[in-house]
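Here subunit A shows up in two complexes: once beside subunit B, once beside subunit C.
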Partner chain A sequence: MSVAGGQLPLETPVRRHLSAPLVANWWVPLAVVLVVALAPWVEGGRGLLGMGGWDKFWAQIAIVVGINLTLAMSLQLINGIAGQFSLGHAGFMAVGAYIGGYAVPTHGGKLGAEDEMVAWVHPGGVLLYVVALGVVTVATAGVVFGLYKLVGLLGRVHKRGPAVVFGVLLAWLVVDIVTKGKSAGSNPLGAIAALGWGSAAVTGSFDWIMLRGVGAAEWVSGVTPAGYRQPACLVVSLLGGGVMAAMAGLVVGLPTLRLRGDYLAIATLGVSELIRTTITNSGPLGRATGLSVPTYSVDAEAGVSAVYFFPWVYGVAILTILVVWRIQHSPKGRALQCLREDEIAAGAVGIDVTAHKVLAFVIGAGLAGMGGALFAHYIGYINPKQFDLTKSIELVVMVTLGGLGSVPGTIVATVLLSLFQPALQTANQWMPAWAPGWATSGAELLNKYRLVIYSLLLIVAILVRSRGWLSFGRGKKA
Partner chain B sequence: MPDWLQNLIQTLILGLSIGAIYALIAVGYTMVYGVLRLINFAHGDVYMVGAMTAYFVGTAGFTVLSWPWWGSPLLWAPVFGAVFLAVFYGGGKGWALEAVRAFFVAAAALVFGGLISLWIGSMDKPGWAGVGLALVAAMVVCGALGMLIELLAYRPLRSSPRINSLITAIGVSMLLMYGGQAVFGATPKAFPAPVMDNPFLFQVGGISLGKIDAMIIGVTLVLMLVLRHIVLHTRTGLALRAVSHRFDTASLMGIHIDRIVSLTFVLGSVLAAAAGVLIACKFPSVNPLMGLMMGLKAFVAAVLGGIGNIAGAVLGAVLLGLIEVMVNTYVPGGSQWKDGVAFAILIAVLLIKPSGLLGGKAIEKV
Partner chain C sequence: MALLEIKNISMQFGGLKALSDFSFAIDQGELVGLIGPNGAGKSTAFNAVTGVYKPTKGQTELAGRRIDGLSTVQINHAGIARTFQNIRLFTQLTVLDNVLIGFNQSGTHGLLGAIVRSPKFAREREKFKGEAMALLKTLKLDQFAAWQASSLPYGDQRRLEIARALATGPKILCLDEPAAGMNPQEKIELTGLIRFIRDRFGVGIWLIEHDMKLVMALCERITVLDHGETIAVGTAEQVQGDPKVIEAYLGEPEK
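Let's turn to the complex of A and B:
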């Protein structure tokens, strides 16, 4: 691994003044995060509203910042450290959000429920759901992969074989559908029927597991002390969302990571849009209207619920930062950075390129899934529109402006960019009473054109400092 | 004619007109990718700007249309003369040849100008002339916009990694989208589509061809032929092909790279503008976010046909339009899956044959 060495000695002396670090060490990101995280606790954080030691406005912003930290950092692992440009991170976030957001209200309640928070009392049920889903997914993936291998063993398959099969299938489908009116798959033979049997087998085994596991699930919930049931539900939801998103990452990553550069970006974009379309068409997940998710609140009193969610959000964020940071400086991380710089050279020095790429993709997707589950339990209502291309782009911007490959830079960029919109949005409220009229109207203009300003700043930022503003000068070489 | 066949043909016509719109946008993607190896994310939003320009011209233009000169060849002949001169300009091959060329250009300009003026003069309702005016205005605005985008956003980054250009492109796309929202308002607005007594060009045996569909297909066909002529039969087109083949070598051959890249953006944007106007006639609703999904799907079409290949982009676009309309019509609940199908095609193409249907094999040099 001596070739990789983390940073290649290829620093060009020209324009060095531009790539010099703005953030020279970890203290700046730490300070920025601390300020944001502690601001809500400061007496009268904003406008002296007299809400005691807790400012609801700042608390919401701080929680959004924390969730964005998790998401952006997980994307940094894929885009920055491994150099696999993904434009579909919101898709994995959606998987996590919908797994957590569906499991908790549907399977987390009714265990001797006594109060209004029925959704959070049955951690065993949530666990059972997640486990059943995981087992069925793994089994299905195994069967499909096995069939694929079997076809490979049966003889030398022509390279274009899959393409031909795909085309024939499509043509047959079209003919079948057109000749028989609107009843797709009315033919009992053929691939549609096979797909139908397959889906029947999948749902059947899922139901089987759910039925057999009821006892065990109730035992788990019973063993859990009453006070710990809600946190246990949340933990299971987060882990379940993370694991399922990681599986999605594996399924997506194995085929698409063959592609490079902008092709990969477009493929991941396509996958995330497919995930979104699937959710939009899924009845249990609420289709386009969305899904109500129980928020994590011990006390229903207004403006207080965020208090209890705070440690969870920042716990996950810190965990993600630690994981990504330690991966970056581990042998695996060196290998990732090596293949980011030059894939062919990395292969030549004995790095398993595919395995490393997929590893980074799976870990990144899993962490994004946890971020998504957090998002769902914070926002209380999820719909497919929240996980569209705009969200992916927002995260990519955070990672890029923070500097590809720079963990502290990403932290600072994420915090600043997450604060940007609410700051401009409330610019006119920040104006003191004695402010002149032009300042107030200027603040209103800032609010009106905040998205335009944001995109202009993004363009200028990339044009001026293409390696990221807050990088250590260690990012991908320009 | 059996019912299902009639249904099928009607669907195919719709698919063809949607495919034509995709083709106009996809060509811009594919040309820019061919020259710069850049996915021009802002292209879909240029299309949106085209539709928006058409909206403004369409609403404001009806008063302008009462100007009697619109029906006069004296106005249109110089316009077409300038266009033809720009298209066929050969650049110094001797005065005799130039004189002959100038004669033909003038003749063609007169003929076309006369035809247009006859057409406008024969209108009893201003609708179609408004569409023509909107088309010209949108093309001019978007051509300038495309040139400006390239000049300000992409040219400075040409030597930096491609991912940076991609992010700038996303930034430009966001700028156009949000700028459009600020200027235009976030709510969709109704486009003043041409008013017709009879919306059909003809109806034979239960099959009908709408005038708008016919216009979309016709305008697309004409624009594609013009593009084909520019790319294949002019010196500029030769230079464009050379730049797309080998960027550095082309510059060594004395080709003015910057000018060609500008031209590529102008051509692509002009076609996207036309697409914007045509779609605004077909589905008369204009909103600032209309470019996002349309742009992505046109890009899928370009990838399907083989990115960098103009004929491929057209083929892919028509295929995508047909598939989409088929899914919409024949698959139960298909309208919800329409976008998903496009992306499924994208993934399938990228996995099975990343170079697309007509794309050549890309050789990666170490």
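Let's turn to the complex of A and C:
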């Protein structure tokens, strides 16, 4: 009203474009599904995408870009849109990678031995394993949560009820460790009876499901047409990795989301290290040595497995972008943005702060888990070192440079940063003959100081453009 | 029985009793004020009722249902909305989005509906957008709908914060020093606005204010707090003449 006329042309074309949904109809999701479904029919995936001339190197880079898109976009939901600074994204990625990477080789090859791609022929087996794991995890979490609630209810009966229960438990543990711990050897925890019963119940019920489900699993694999068994294995592996990572997000989210800012960052970092350390100490998962994962390829000899994997990677990437964009532009997404801006005000207008934070973590973690499973099946060998803090920070850099809350910006930043390193490293190969000598040596120099440049970019980005370099019309400071 | 009944609530922070035996009632369509010098416990009373603090003693009832001890979110859903002394808008969002937030909890399309853009999602989006625009129009903010909230002039930011609170569909609206930082002209406009909202939406309005002129002009009943104690209750005239009140304000009836 104080502005002359009271009318400012804020409905600019760019603004209108940004606030419109990415696609208002079903075409893009449908196209993604079609590409993925038709991929096995098109020889090697090459004909469909017209990439016959691509050499292996660039196809591999394209895959890495696609996987990074999925990971960075899922982090954008947590860090950018909901404003919950997480440093633990690599942990969720690790969950997805290890679930998929373990289930496929161990349970995906029991149907018919005549097929040479032994690991990819039994989707039912992988499905059974993932379902059993999920059911047992949910049941365990349910029992633990139920006990926790039960102890809480005791507090209503008597004020000191919970304290007494915990006291008794503690006394039991101490007595147990003292009496049996010595004879059990060097690991006193191994002697704790409650833990022993618990793990016996968990492994017991897991084995029970696995045993009962064999018939159903073989039936599922049997009805799957032979040409679709490999893709079906991959889909189950991706979804399984995603769902388990989402559960990890839930387990992490509930207790840590009362924290804000730096404290949340430290807590998420701690959790991702916890996941990493657990893997490092788990025998079946290969400890620090790592785990060999069957790659997704039809003709490994020809060296075009990367091209064949292409539609899957980009299918998941586009799905992730679509999900994150559409959540952002929905009432739920608006609520997440309110959390980022002012939690107290968000509570006062009826936004359930904790529930929305958990929602962002669960979905972000689930999508990262799918990215992790893709990574495992592409790279063929995973070890805990690949999922350390460096990876989380790499993703945070992509999201921050792209702009907190900017989906298009994250896409551009992720593609550029993912291309940066391989492009500079191989400058002498692709630089045309007419280019001057200093161009190649300059690229080598840039590559040498790559990490310094990243850091400088990040500092400048945070100081000057906290909403990102590419955040058209949204860079205005509050 | 009144719509909102506050019965003998007390708020103790360690050794400090910020509020003692505070009782209060607001009915639908009423305009009541809470005044007192700095540190009298006005904001504490507000926070204890809206769920920021849990009262250490006493109870609050909204339409016969106990609401003390609930969270801010639950209390908002029960029907009490508030504004803040220092404006807390979602500054990076547009004016329209700020109001749409208030309609958030009445949507039923769910997350999956939003991801696949179900027909229900589209229907509800249009419906809420229409309602939000209607609300903005009522409060004369509709021409700013596409503006970023932080770019509004100060008085309109206040107005928008009130609009956002109204969008949650409250029965009681709590305004925490709405005239703070306003010039006399803006205060006159605000007086009209508050009265208009009461008449138009039929909500009970509970007002905390430092500006005596505004409170005296608006409120049908006034409660005066000092050091956490209720020292006077009554109409503007009664309160103004009360020696205790004059004493609390150090002999300055008009600050």
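Simple rule for what comes next: the second predicted complex is superposed on the first by the 346 of 478 C-alpha atoms of A that agree within 3 Å, B and C clash if a C-alpha of one lies under 4 Å from a C-alpha of the other, contacts with A are read in each partner's own complex, and residues count from 1 in each chain.
The definition used in the following text is that contacts are C-beta pairs under 8 Å (C-beta built on N, C-alpha and C of every residue); 3 or more make two chains touch, one makes a residue touch a chain.
This one's a predicted model, so the numbers in the text were calculated from it and none came from an experiment.
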Practice problem: Applying the touch criterion given at the start, work out whether A:N383 contacts subunit B, subunit C, both or neither, answering first, second, both or neither. | Solution: neither
Quiz item: Looking at the overlay, does A:N447 come into contact with subunit B only (first), subunit C only (second), both, or neither?
Solution: neither
Practice problem: With the two complexes superposed on chain A, say which partner A:Q421 touches: subunit B (first), subunit C (second), both, or neither. | Solution: neither
Quiz item: Looking at the overlay, does A:I344 come into contact with subunit B only (first), subunit C only (second), both, or neither?
Solution: both
Quiz item: Is A:Q60 in contact with subunit B, with subunit C, with both, or with neither (first, second, both, neither)?
Solution: neither
Exercise. May I ask you to decide whether A:S205 touches subunit B, subunit C, both, or neither, giving the answer as first, second, both or neither?
Key: neither
Exercise. Pick one for A:K332: touches subunit B only (first), subunit C only (second), both, or neither.
Key: second
Quiz item: Residues of subunit A touched: more by subunit B or subunit C?
Solution: B
Exercise. Determine where on subunit A the residues touched by subunit B overlap those touched by subunit C, and list them.
Key: 344, 476, 478
Self-check item: Parts of subunit A lying in touch with subunit B, wherever the complex brings them together
Solution: 85, 160, 162-163, 166, 174, 177-179, 181-184, 255-256, 258-259, 261-263, 265-267, 269-271, 273-274, 277-278, 280-281, 287, 344, 389, 393, 396-397, 400, 404, 448-449, 451-452, 454-456, 458-459, 462-463, 466, 476, 478
Quiz item: Where on subunit B is subunit A touching in the complex?
Solution: 4, 8, 37-39, 153, 156-157, 160-164, 166-168, 170-172, 174-175, 177-179, 181-182, 292, 296, 299-300, 303, 326, 330-333, 336-337, 339-340, 343-344, 346-348, 350-354, 366
Quiz item: Which residues, counting only subunit C, touch subunit A once they are in their complex?
Solution: 50, 52, 71-73, 76-77, 81-82, 84, 88-93, 97, 100-105, 107, 111, 114-117, 121, 128, 140, 143-144, 146-148, 150-151, 153, 156, 164-165, 167-168
Quiz item: Across the complex, what residues on subunit A touch subunit C?
Solution: 1-3, 6-8, 10-11, 15, 21, 24-26, 29, 322-323, 326-327, 330-335, 337-338, 341-342, 344-353, 359, 405, 474, 476, 478
